[in-house]
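Encoded as structure tokens, the structure appears first; notes follow it.
Read from first to last, the chains carry the letters A, B, C and D; within each, the first residue is number 1.
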Amino acid sequence: MAGNTFGTLFKVTTFGETHGTSVGCIIDGCPAGLLLSASDIQRELDRRRPGQSTITTQRKESDIVEIHSGVFEGKTTGTPIMLMVKNADARSHDYDHLKDVYRPSHADFTYAKKFGIRDHRGGGRASARETLARVAAGAVAKKILAEQASIEIVAYVERVQDIDSVVDINTITQTDVESTIVRCPDIVAATKMIEHITSVGKQGDSVGGIVRCVIRNTPPGLGEPVFDKVSARLGSAMLSLPAVKGFEIGSGFAGTLKRGSEHNDSFFVEDGTVKTRTNNSGGIQGGISNGEPIHFRVAFKPTSTIAKEQETISSSKKSVLLRASGRHDPCVLPRAVPIVEAMAALTMVDLYLLQKIYG
Amino acid sequence: MAGNTFGTLFKVTTFGETHGTSVGCIIDGCPAGLLLSASDIQRELDRRRPGQSTITTQRKESDIVEIHSGVFEGKTTGTPIMLMVKNADARSHDYDHLKDVYRPSHADFTYAKKFGIRDHRGGGRASARETLARVAAGAVAKKILAEQASIEIVAYVERVQDIDSVVDINTITQTDVESTIVRCPDIVAATKMIEHITSVGKQGDSVGGIVRCVIRNTPPGLGEPVFDKVSARLGSAMLSLPAVKGFEIGSGFAGTLKRGSEHNDSFFVEDGTVKTRTNNSGGIQGGISNGEPIHFRVAFKPTSTIAKEQETISSSKKSVLLRASGRHDPCVLPRAVPIVEAMAALTMVDLYLLQKIYG
Amino acid sequence: MAGNTFGTLFKVTTFGETHGTSVGCIIDGCPAGLLLSASDIQRELDRRRPGQSTITTQRKESDIVEIHSGVFEGKTTGTPIMLMVKNADARSHDYDHLKDVYRPSHADFTYAKKFGIRDHRGGGRASARETLARVAAGAVAKKILAEQASIEIVAYVERVQDIDSVVDINTITQTDVESTIVRCPDIVAATKMIEHITSVGKQGDSVGGIVRCVIRNTPPGLGEPVFDKVSARLGSAMLSLPAVKGFEIGSGFAGTLKRGSEHNDSFFVEDGTVKTRTNNSGGIQGGISNGEPIHFRVAFKPTSTIAKEQETISSSKKSVLLRASGRHDPCVLPRAVPIVEAMAALTMVDLYLLQKIYG
Amino acid sequence: MAGNTFGTLFKVTTFGETHGTSVGCIIDGCPAGLLLSASDIQRELDRRRPGQSTITTQRKESDIVEIHSGVFEGKTTGTPIMLMVKNADARSHDYDHLKDVYRPSHADFTYAKKFGIRDHRGGGRASARETLARVAAGAVAKKILAEQASIEIVAYVERVQDIDSVVDINTITQTDVESTIVRCPDIVAATKMIEHITSVGKQGDSVGGIVRCVIRNTPPGLGEPVFDKVSARLGSAMLSLPAVKGFEIGSGFAGTLKRGSEHNDSFFVEDGTVKTRTNNSGGIQGGISNGEPIHFRVAFKPTSTIAKEQETISSSKKSVLLRASGRHDPCVLPRAVPIVEAMAALTMVDLYLLQKIYG
């Protein structure tokens, strides 16, 4: 209700502010008997970690995960799994000058209006540091999906501002994605993206773009009718991420330019398996998976924190000119890739577990 | 859990198949003391009704709502409101030839795989007739928002296939929208849209497009951090609609082409009120409303049911050529407008009620 | 949230007032493929029906159930099942004199305070007629438990005021229970109970008592740790019934008089099955079923509606003397038996389905 | 769903095993602006702490609470509050001999059957140490109720085995309760209880009893119709506690011995306030508070862990004789008092916040 829980069977409740003592989550509903170690989770956190490359923020945070409960002798016990990452000594005083300023396109003003109080240090709860807990939980979800159902989730940076890439979602692997620091497997595009992000960052500005994600080997039948369609669940998951402004599944907005006769995905049978000739549906029909790859795109706006001078106001409604100091990502997309995968995994594991009841 | 309930405080649970006896819903959580009559609901159902114009399906259904509970002497009592619409005598036998056929891009195959059984008559539960219950419940939500908080919701058809329109979302009214049968207030565009839909329908084909929606007079502070951001909730609501393939809020996908310095919405104060010079945020910052108009776009694919011959398979995995007979919408968008408004109202009323606790 | 939904996987949302047009429910989450006909449900409604014997209210209501959705060609489809019973022509004017009176130990005063409005006709939503929807949904739950897991639920009247019975919960059958109109299978006690209820009714007074229930053939492992223990779930289910003031499982309050060495249930193995020598635990240990019969007791207060004159107040806070006219149950227990069974079934089916995921 | 979350608006999700690194919880939904310090919580934890007196277990655990999030500059921010208590160096090896033994009337067997794996060290998640997290969260709930609504919650030990007490629930204070180590404010009874517990403990045996609780100054109108009655919610809360076998509200089981004319609570008006002459309803009518004190009783069975030799089985289904070593409570009731209060506070704060929406 108060917005910090995701999922209904594999329920993740997150906590923590960027300049508090720690961030983390409780997973309630993880099946018992899953082999789980800190390294399973750490691997994903490392993909999200600040300072990992020249095009991400240069803040150094090691982000070491601790498993506090729910695992006994290397296996999950079916009881709540609490995962926690201690925050490094944060330079909280860096934020003193923001105490009474509402940064443009941040959550400062809206949190102040909603709660009547806000933790101004780095955005507090509204900081993207909150996504760390999602990635930790997502690592567990991914493991269940991979081990129990061979479901694979791969995301990558498809576009940075207007630099687009060409990638085959049917064959792309995480290794391909990890081969460039911008996490775009089209090497030519990746090189341009890296140059552009570097250049924009030097100018004190920022850029956004699009992350694409594919979920392969999903069995038919996942998802629920009406309000819990796979598309609705995935859309909600992605649109809950900081900086996300759009979501489309399958043919998406471009699909609206086609006619029905062009857009419909014809069924055929190959080796006894029902398939579709095209996949404009994005693997989802009537909200339920049909066995084809589920693929979707997520639009991330340019980072709100920039070093350029901006017009804004103080909490006492006075005009203020603001120029961010500090170390920020000129483009969030490379670090967003594991986050998108995590949210996809959290969405799918819930539907996967639910289908065990009714399937 | 099984997908037929929307909302957490103003909870709507829907029921009914297109060729069953009735469709409807229970609203649990409607505040007591609201004046409510059947005509409040009927008005919205009439906007959704088949056969309302030359460009919608010519099926005749009167769709008369019955209020079965929760209203006493013209006022809501705080107890569950059951709304029901009896289905007209349906020509169920029209569907006999579809008993063993999976229509392309419909839910036939996925429902069969999920449940092991399906009601083939007109898609059963997966029929868009299910949205009737959403519109009925949405009418109640709209009334609460309008009367208690002066919140206005207006949607319209922005684009049909590639025919685009120009509309000012700050001033558009429902009267403007209702002035054309295609529900596009740009009269020049509307005329082209109507011609195009008519022409495409005659060819036995279908088209999709984009519905845009604006929510005005929303107070700052609605929405919840992290997973229940307004954007996530609205996105989930829209992506749960039949035929929807994409959702974007504020600048959306186009916003990814801008730099941060162009995209950020500068704050200023006018007559003591905090405003933003641009509204790329779409009225939502950090997931929470900032008082500016909330605006978003919803992509609807072309209708799956077409009269043209299509390749598909039978339930025994044999190839089949299919040609739909019957009376179908060549374009769902005109009838989708009240449905989008209903889902927006259901989303916002939940967040509005929640804010009463914490605001 | 607003209290009209029971269950998390097999979710039942009820609606209706005693003098509205109808009462009923939507079941969301019923597995597909279950054979289900109106007669499966009618049988249970008939056990709850007013006017069924000389010791229940003499109101005549036929209470015919209609299945509005979710069943196709005699089987459930996995979509919502809407069940409805139309209310007979009610003598609403019988209640005109109660419009401004708060009946003692009824919900009149509390509903007026909570909602600022109330339907005074027969208690409106607070009427025990609401339990009809529970019995209808419970019939479906019972069918699933019986057919899929051979789980049996049998309740009976154990005590009426101070008239107690002796019954073996390990062997008692529903046929035994139905053999007397008071639903107590101890014939000697039953005869006394019937006489007592008849006599008390003639005096314009009422009595309460205890319903006992046993759930047999439950597999070990149902229930969830911590907050969703079987005991907590059953307790919540029973305490949500009108007139219920107490619940105890296994040894209950009497168990507090024993020492640990007397109260502990020793394990032993018989024919390869783990059993306990005693069953003070009531089949539940650590909140989870251990395979022994689950048994519990439910305390029903004497009916609040009596023909004797009582002191009370009006809504304008004036003293009033009240004497109920009309036809009321002098003792609700005989009709409470199928209701207790229904709530037990609704509780257990939810835990049974949940265990399919994790078991 | 998986049982570790309590509440719907003020949601508490707990984690931790007795011999893991820590136990704690996340509170999601605490209103912003509440003054909150660790000492507010520590005070309640100290009342629950082992080793606090001669009649509780002599294990020494300091149970120091850490607030990890949701509090900024001494006030709650409306974001999740994570509370954690590190476990002291536990003597896990004390439990090696229990690795393959199912202790009678413990959760050992049922957890093994449910999850296929169990943490045998001190019961793991099923240990009563889990209630520590409830007490921590309950301290926050109590503070909200006291400060915002002057609602008072006082519990005490009413009976130990057959030693009963006489206490006036209308005037009893926490100071009275804390005046004896057994937490019974009737000094004569308390003395007998202490002697009895001491004597039973020396014999290696255990006893149970009854905790009674009163909630005063509750405004009328709290609670929801049908399934979320105050009685159902409180019952569920109490029956979710380890060792609880029964719950009764108001007149409870004893009330079933009265006639309706004796049991009904007549309304009258005093100084403009509506009151009842008796309070058999326990402050709840139709499931909703009427403004009278809410009072209820909770039955705790004798502690399952005893030093006497008991018959049981191993996980390989062999007969075993078991004699507990270690330091255990011969009677849990003195330490159960703050736990009952905590669960009452968690229940009431949820209903209190909900009423802000609809009241």
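Note that contacts are C-beta pairs under 8 Å (C-beta built on N, C-alpha and C of every residue); 3 or more make two chains touch, one makes a residue touch a chain.
In this text the structure is predicted, and so the values were computed from the model without any measurement.
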How would you label the chain B and chain D contact, same or different, if same means the shared numbers make up over half of all numbers there? same
Comparing A-D against A-B, which pair counts more contacting C-beta pairs? A-B
Could you please state the distance in Å, as a whole number, between where the Cα atoms of chain A are centred and where those of chain B are centred? 27
Chain B and chain D, separation of their C-alpha mean positions in angstrom: 46
Chain A and chain D have mean C-alpha positions lying a whole-number Å distance apart equal to 39
Among chain C residues, those touching two or more other chains are 1-5, 8-9, 14, 32, 78-79, 114-115, 125, 225, 354, 358
In the complex, chain A touches chain B at residues 1-6, 8-9, 14, 102, 104-111, 113-115, 123, 125-126, 130, 159, 161-162, 200, 205-210, 220-229, 231-240, 242, 244-253, 255-269, 272, 274, 276-277, 280-282, 285-291, 299-306, 308, 310-313, 317, 319, 354-355, 358-359
Where on chain D is chain B touching in the complex? 9, 31-32, 78-79, 225, 353-354, 356-358
Chain A residues touching chain D - in the complex, by the definition given at the top: 1-5, 8-9, 11, 13-17, 20-24, 26, 28-29, 32-33, 66, 68-70, 72, 75, 77-82, 84, 114-119, 124-125
